[in-house]
Amino acid sequence: MKIAIYPGSFDPITYGHLDIIERSARFFDNLIVAVLSNPQKQPLFTAEERMIMIKESVKHISNVEVESFQGLLVDFARIKKARIIIKGLRAVSDFEYEFQMALMNKKLDDCVETFFMMTSAKYSYLSSSVVKEVARFGGCIRDLVPTVVETQLKKKFFSK
Amino acid sequence: MKIAIYPGSFDPITYGHLDIIERSARFFDNLIVAVLSNPQKQPLFTAEERMIMIKESVKHISNVEVESFQGLLVDFARIKKARIIIKGLRAVSDFEYEFQMALMNKKLDDCVETFFMMTSAKYSYLSSSVVKEVARFGGCIRDLVPTVVETQLKKKFFSK
Amino acid sequence: MKIAIYPGSFDPITYGHLDIIERSARFFDNLIVAVLSNPQKQPLFTAEERMIMIKESVKHISNVEVESFQGLLVDFARIKKARIIIKGLRAVSDFEYEFQMALMNKKLDDCVETFFMMTSAKYSYLSSSVVKEVARFGGCIRDLVPTVVETQLKKKFFSK
Amino acid sequence: MKIAIYPGSFDPITYGHLDIIERSARFFDNLIVAVLSNPQKQPLFTAEERMIMIKESVKHISNVEVESFQGLLVDFARIKKARIIIKGLRAVSDFEYEFQMALMNKKLDDCVETFFMMTSAKYSYLSSSVVKEVARFGGCIRDLVPTVVETQLKKKFFSK
Amino acid sequence: MKIAIYPGSFDPITYGHLDIIERSARFFDNLIVAVLSNPQKQPLFTAEERMIMIKESVKHISNVEVESFQGLLVDFARIKKARIIIKGLRAVSDFEYEFQMALMNKKLDDCVETFFMMTSAKYSYLSSSVVKEVARFGGCIRDLVPTVVETQLKKKFFSK
Amino acid sequence: MKIAIYPGSFDPITYGHLDIIERSARFFDNLIVAVLSNPQKQPLFTAEERMIMIKESVKHISNVEVESFQGLLVDFARIKKARIIIKGLRAVSDFEYEFQMALMNKKLDDCVETFFMMTSAKYSYLSSSVVKEVARFGGCIRDLVPTVVETQLKKKFFSK
């Protein structure tokens, strides 16, 4: 039984993330989308809110679970008996940071491997922070995020 | 009538920015230097102060206007009937972020195109943040920024 | 009257090139697609063949001309009274080489400016050499190049 | 039954390649090391010689096969019923080329996914061409390639 | 008498830094490890604490001194009669920032040269911030930092 | 006595190379400019011609010698009792290749260190191959190379 983890902040999930989830889930028995709950960062959405949006967005894929974690990713992987980490790459700057993290994770736990997938070309410009920036000023984000996220972003920025 | 926008924080304007303004203004009927007034960032100079310094620096170029804007750049471009965005590139890290923004802006408004120009070699090491860092500690910035900016930086850091 | 030059090898033209041509031609009175005829390279198609394929591909755009040139791009630009060079950028490796060439061209003729445009995300993986590689082994290139190029590539590789 | 393909020139195989093979083979039922036999390149070793060296180097891993292929990788993958391509990444320049190839392969066959792994830090400076360069001038390559490769390189360069 | 400066935040010193110190100290009469005391940043350790950890880590190298500085690096270099700055490079993102700083420092003081050294491959994934991240969550950092740093990190994060 | 080596193809030497030579020679007792004589490459100038042009260009610097070498750089360094290699960096693509070579050289001989210097901003667009390209088509190269090189390039391209 092969278990893989797809970790991230997902603040919020975009179609770029969903693309990686859909493409990678086919290759594993179980894919755990792992929401990083970092007490030192100040996300727009709470870990709980982020998990709800992801669950809604992946409900059509039977072998995907959504969880949150704190601390080291390799510790979370060990608890989940997962030996594969999935990461999406868009650009060179992603690449260098992820390279560093993959080597450090391998150093911390030699049994865990990171597999990188290229984000589809049509989502190469997409990031959670750009989506938030556009949504904050009322730009159209329909093609960028699942409907549930679009609704929640509007609520965050305009319902007060 | 071709109108182009050169957007940025300009906190403060440097000779690198001025180089892009002078070289690009020749090709358009009107070039609007658009100062981003982002309420979430904490600039050294207010949008008002930044506009004054730019106006002083570009007064020798007849077809350049200086304005400030909030919100999405494509919305500002639409209001100004500008279909061209000018950006300067210095390095790879610039490149990736600007790539992402250009593609996102094109997604938000297909009529707007971003044209990139290479910063002149002699200004390739220059950025507003490096200038502020040098000025803060009394380093010589005469060759880096217009005189009005040099004066204002000294006032900010040393006149209290 | 604003004249711009879009130089390249175009061996052969792809939809990535055509995308840059269509997007940039709107902003100039005349856009000259300039086919580099380099006697030291061994292209798959002759300069003549490449020009024919480009002409067929751009015939729906009234202000685009196709020419070939040898020697320095700045010399060709001077003859054509063009002061703008258009280049498409896909990736970091493009960026560095093009950066070097733009600075050198500026050094050789200070009146000529290079404007860079980002290749549309959906063509970011596309290059003439990859197209030739795929065509050589019978892969489907329908979405990658104009029909005239598809026909000519098949002729080159399979009609003997 | 999950089958993965690890394609490359392997001219010759290095400890960097072997590291990727050993780390990835654990996750698949079958890993096919696919030696690209490109009639347009002039390798140091024939496809046959390269396969023999790889076979000798991977004989301790039961689920690894070695084959050669010509033409498009996606066609070879289809014949082998493999839906996963494994690639090792060392550096940014690798990254950009591989990015382009992965997107093109996905375009040619949407069922095939490329998974990238980071080369271990200690092999980040290693490439077949650097190994050949060092061996050609009698430098020590003991820690860089399997013994069988060391022997064959010496034979190539010094036994005439 | 050749004096070199190795500047940085060292918050805290890692084996990556120590590797650069050991390899560069051999080439100069005196190597000054210069701890940047930036009142605008909020380091984990005070400049004083960082200096103590460095002194403990380099006590086996006779020609290394440890000092702290504020302000411009070129001013500190002038006071110390040092004309060489040593910097370690790990990756492309390092490279661009350091490139900018080296050119700016040369602009500020033409007598000062920056020499860059490549961080050893085995430490290419190592940074002070990654070490702090790992230590914060109880991960093993034995191979990453000197013993004195390991002890101090544990004290910082777990002794309350 | 500190001896450093500045290796390269120098086909031909440019003001970019000369800038590195002048800036680095101040820090060593002896700087050996080492011309790589690679029988597998086809340079424009013979190793002999390249050495003559370099000697002419550096005759105002007393502690610079010019030699040619074949084979591994670390072997040449050992013969010359040099433990320092100097390399100039212009851009990211330089960086990655040079990174790989520096790590490999360190692997081959742990006593040899590579120090990198940033090419001055004004020469960041300059390379031997771009100079040859410009000279071949009669472009002005006066500010790019020493007079002796300008003369020789004209002779090569136009005196037949």
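Going in written order, the chains are labelled A, B, C, D, E and F, and every chain counts its residues from 1.
Rule of thumb we're sticking to: a residue touches a chain if its C-beta (ideal position, glycine included) is under 8 Å from a C-beta of that chain, and two chains touch if they have at least 3 such contacts.
Since the structure is predicted, the reported quantities are computational estimates derived from the model, not experimental observations.
Annotation of chain B and chain C: jointly contacted by A, F, touch as defined at the top. Looking at the partners of chain B and chain E together, the chains they share are A, F. With chains reduced to the mean position of their C-alpha atoms, the one farthest from chain D is B. Across A-D and C-D, it is A-D that has more C-beta pairs touching. Among the remaining chains, the Cα-based centre furthest from that of chain E is the centre of C.
Shared residue numbers account for over half of those found at the interface formed by chain B and chain F, and the copies are therefore classed as meeting with the same residues.
Each chain gets a centre from the mean of its Cα atoms; for chain D and chain F, those two points are 34 Å apart. Centre to centre, using the average C-alpha position, chain B and chain D are separated by 47 Å.
Chain contacts: chain A has residues 92-93, 96, 99, 103, 121, 124-125 touching two or more partner chains.
Inter-chain contacts occur between A-B, A-C, A-D, A-E, B-C, B-E, B-F, C-D, C-F, D-E, D-F, E-F. Listed in rising order, the residues of chain F touching chain B in the complex are 92, 121-125.
Note for the complex: chain E touches chain F at residues 2, 23-24, 27, 83-84, 89, 92, 95-96, 99, 102-103, 106, 113-118, 120-121.
Partner chain A is touched in their complex by these residues of chain E: 91-93, 124-127, 130, 134, 137-140, 143. Note for the complex: chain B touches chain A at residues 70-72, 74-75, 92-93, 96-97, 99-101, 103-104, 107-108.
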